[in-house]
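Chain naming follows the written order as A, B and C, and within any one chain the residues start at number 1.
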Amino acid sequence: MPLCLDEIVERLGGQLAGDGKTVVSRIATLDGAAPGDLSFLANPKYRSQLAKTRASAVIVPAEAAAECPTAAILTPQPYLYFARVAQWLHAPVKPPAGVHPTAVILSAVPASASIGANTYVDDDVAIGDDVVIGANCSLGRGCRIGAGSRLHAGVAIYAGCVIGDRAIIHSGAVIGADGFGFAREDDGAWLKIPQTGRVVIGDDVEIGANTTIDRGAIDDTIIETGVKLDNQIQIAHNVRIGAHTAIAGCVGIAGSTRIGRRCTVGGAAMIIGHLTIADDVSISSGTLVTKSIAQAGTYTGSVPFLEHGQWLRNFSRLRHLDAMADRIRVLEARLADLEKKT
Amino acid sequence: MPLCLDEIVERLGGQLAGDGKTVVSRIATLDGAAPGDLSFLANPKYRSQLAKTRASAVIVPAEAAAECPTAAILTPQPYLYFARVAQWLHAPVKPPAGVHPTAVILSAVPASASIGANTYVDDDVAIGDDVVIGANCSLGRGCRIGAGSRLHAGVAIYAGCVIGDRAIIHSGAVIGADGFGFAREDDGAWLKIPQTGRVVIGDDVEIGANTTIDRGAIDDTIIETGVKLDNQIQIAHNVRIGAHTAIAGCVGIAGSTRIGRRCTVGGAAMIIGHLTIADDVSISSGTLVTKSIAQAGTYTGSVPFLEHGQWLRNFSRLRHLDAMADRIRVLEARLADLEKKT
Amino acid sequence: MPLCLDEIVERLGGQLAGDGKTVVSRIATLDGAAPGDLSFLANPKYRSQLAKTRASAVIVPAEAAAECPTAAILTPQPYLYFARVAQWLHAPVKPPAGVHPTAVILSAVPASASIGANTYVDDDVAIGDDVVIGANCSLGRGCRIGAGSRLHAGVAIYAGCVIGDRAIIHSGAVIGADGFGFAREDDGAWLKIPQTGRVVIGDDVEIGANTTIDRGAIDDTIIETGVKLDNQIQIAHNVRIGAHTAIAGCVGIAGSTRIGRRCTVGGAAMIIGHLTIADDVSISSGTLVTKSIAQAGTYTGSVPFLEHGQWLRNFSRLRHLDAMADRIRVLEARLADLEKKT
């Protein structure tokens, strides 16, 4: 779907520089662009690539306009603008509506929905308009999928879970498996606590491939509106994640922890259970969060890496840090003593 | 299935306080309970909620009986008691026995088993009585599923693997994929070692969503009776996990490591290969275990997190810890020297 | 398929010691071997098991020949030799060619390929000769699977992705889900960036169970020839992994990072985004890599674990490491002062 810059600016705003009849039909990086492509400059690091780009047009901040060799759209937020154009140029391909003959469907499906091959939908499931469900999915009894949501192939949703509107759920995601709840018998054996809560997910949530969100033990696990979850994330029972929080891949969040709104959690961070994290908190990659966080801000707890020999020399000291601190204290006392004497 | 307290006490023991005819039909938290609900007080942290609960009855330790505003069951182990009642009140819904017409089954299935839509069972598979297999599962040639086991939708079991009785396996779990075994060629390329062992799993094991357990390289990977595995756990080839060990989400256990009985492993811990961990060891969340552990006890190896600026100031010192130790040693020598002189 | 040692040595080289007519039909460890088995001594740690092995023959280095109680094949690289024999003795069982009647296939399938039950292949998919696809897989529009590749049950490949020849992809792997790319709106909401790149995978790549590889944002995510990926690995958009690099389980690699050739990455390591790692780099288990690495070598950044009480005493000092360094500096100044005076 080719667009000309005039059309784009008319719909999305920004200031045109150059020929508004310039036609673009694809997005591209500055470096990888070819004629017919629309590129963008968002990260100043790539500014040197601007002069050499082969794109037909570039979205740039006003201060870079002079260096832009092509037609341009000027905007203070080039990345956000680029996202809007990209969504327009590359709208997701929607498969034709209808239920594939190999799907096994025990619930009503609206005419606008599309259900893929070999997918199983149990009874009492509510499927919204324009929902797209890929192949080999499985939807448990009584769950709900909001209008406009898309489940890619191989998603499993357990009974009773609720997905809001316009969700995107990637392959291998599992929503609503039992939380990890056991009571211990005297002999050390574990007795399962039935997990009777649900997973309740708001609107505009995206869930990455092979991410798992467990159902609540008694109350629900809740993912609020606009939350974005990357791949391979584990969210335990009774967690609550506030609106517009974004969590990168390989993160684990243990049971009953509440995370605020507009937080970001870096890859492979781990948040233990029963904590409360305030709004607007940013957790750095690889950080283990073991205490609640009451103040917005950035929090970090990872260690630097070193060449292996250097690492051995330095990190083995960690076992003796307490002794080092004691030796400093003793030195201070002895030195003070000596200073008094002389 | 409503129960009255008399019935519960008759079957599960404990001491009744209040009206034994009180009827309960659901479990609930103290805070979330409504009339008709049975709640419990296990964690002293929630004691203040007891007076205000709307539950019809509460399971409490004897010392909290006086504060309980409702009928009560007194027991020294309220959480364990609660687990038993919860299992009774919320027994898993068993789908009707039979093989769904879209399932592809090349082995004998007992009349009491239930096989879901679009599931594939290869030949020579032994399926026990009362087994429930969800939709879109795949069971490789010659594997065995013990009586009363339940596989949720989308579980994959490779050829030859053995699952004990009463297993619960959640969606996306993969049992018996090849272990990661390669020999290196002179040019750096990797030559695959065929993984000819199996995965052998005892009775009463629960396996979380998207957890993976690799088959042995030559001998078997073994998960003993009563082991509980949370979601997104990776268990490599030839690992052995002792009975009643419980492992939280996102843990990785590398090849040939043996973990004792009744151990607990916290979320996102990682245990490297070829180690031996004793019985009754507890590994804290986020700990990297790089040596065998011969003694029961709790072991930890994570770092505290800090506000980012503080973290930068403190953790950058880790690169110079060895130099710090040297400077302390020099200070001690110089000071001793000076002390001798004065 | 029983083989005699003469046949093996004729095909794979090495020097025969003992009876070349000795027949072996299975591989085994020294300890677990029975008559008819072929074992090997690669790790000197197991040398003491050699004298007692019940194997019919053993692959050994020349220096261990004298201790070998059985027929032997002498080679300087016993593990590599073992891998070659093991591949011969335990060649993967190939299911019969043909498309299962329950599979839904919208593309041409060569006669030599085997497509499992309930698998879905969208249109415009190119499937090479001798490809084996298990049950419940899903292949998106326009993807390509190279000759001789094997997809185990439950693999999902998104539209447009390219898999080379002789790939092995384990159950639950997801290739080509959207990368985690969003622009932030002024109110904190996230606007999705369409992910228009692909995943392009070279020849002889193995991908573990539940591993995820995201499609590129604009350009492609690239996995070069001979790369081996263990289970539960997350590879973000626009990553490039060099030929013959091997990555252990639970590793995460964030967006746009480039990893060199012949690298090894230990389990649960995490590499943040936009880095460049040189060829022949080895990253230790549990290391968080936050800077590019320009030199071949081994790099580590994990902390030791301790008994919990010891850990508390030592690791709490990390919060005060900067203050400790200051105190050392002050001590040095005061001591120098005092030394001058006396």
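The rule is simple: a residue touches a chain if its C-beta (ideal position, glycine included) is under 8 Å from a C-beta of that chain, and two chains touch if they have at least 3 such contacts.
All figures in this text were calculated on a predicted structure; none of them were measured in a lab.
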Can you grab the rotation angle between subunit A and subunit C? Superpose on CA, round to the nearest 5°. 120
If you list every residue number at the subunit B and subunit C contact, are more than half found on both copies (same) or fewer than half (different)? different
Please tell me the distance, in whole Å, between the geometric centres of subunit B and subunit C computed from their C-alpha atoms. 25
Where subunit B touches two or more other chains at once, by residue number: 102, 118, 136, 154, 172, 210, 232, 250, 268, 302-304, 306, 315, 318, 320-321, 324, 328, 331, 335, 338, 342
Which positions of subunit A touch subunit C when the two form their complex? 26-29, 32, 77, 79-80, 82-84, 86-87, 89-93, 100, 102, 116-118, 134-136, 152-154, 168, 170-172, 204, 206, 208-210, 226, 228, 230-232, 244, 246, 248-250, 261-262, 266-268, 285-286, 302-308, 311-312, 315-316, 318-322, 324-325, 328, 331-332, 335, 338-339, 342
In their complex, what parts of subunit A are in touch with subunit B? 102, 104, 118, 120, 136-138, 140, 154, 156, 158-159, 172, 174, 177-178, 180, 182-185, 187-194, 196, 210, 212, 214, 218-219, 232, 234, 236, 250, 252, 254, 268, 270, 272, 283-284, 287-291, 297-304, 306, 310, 313-315, 317-318, 320-321, 324, 327-328, 331, 334-335, 338, 341-342
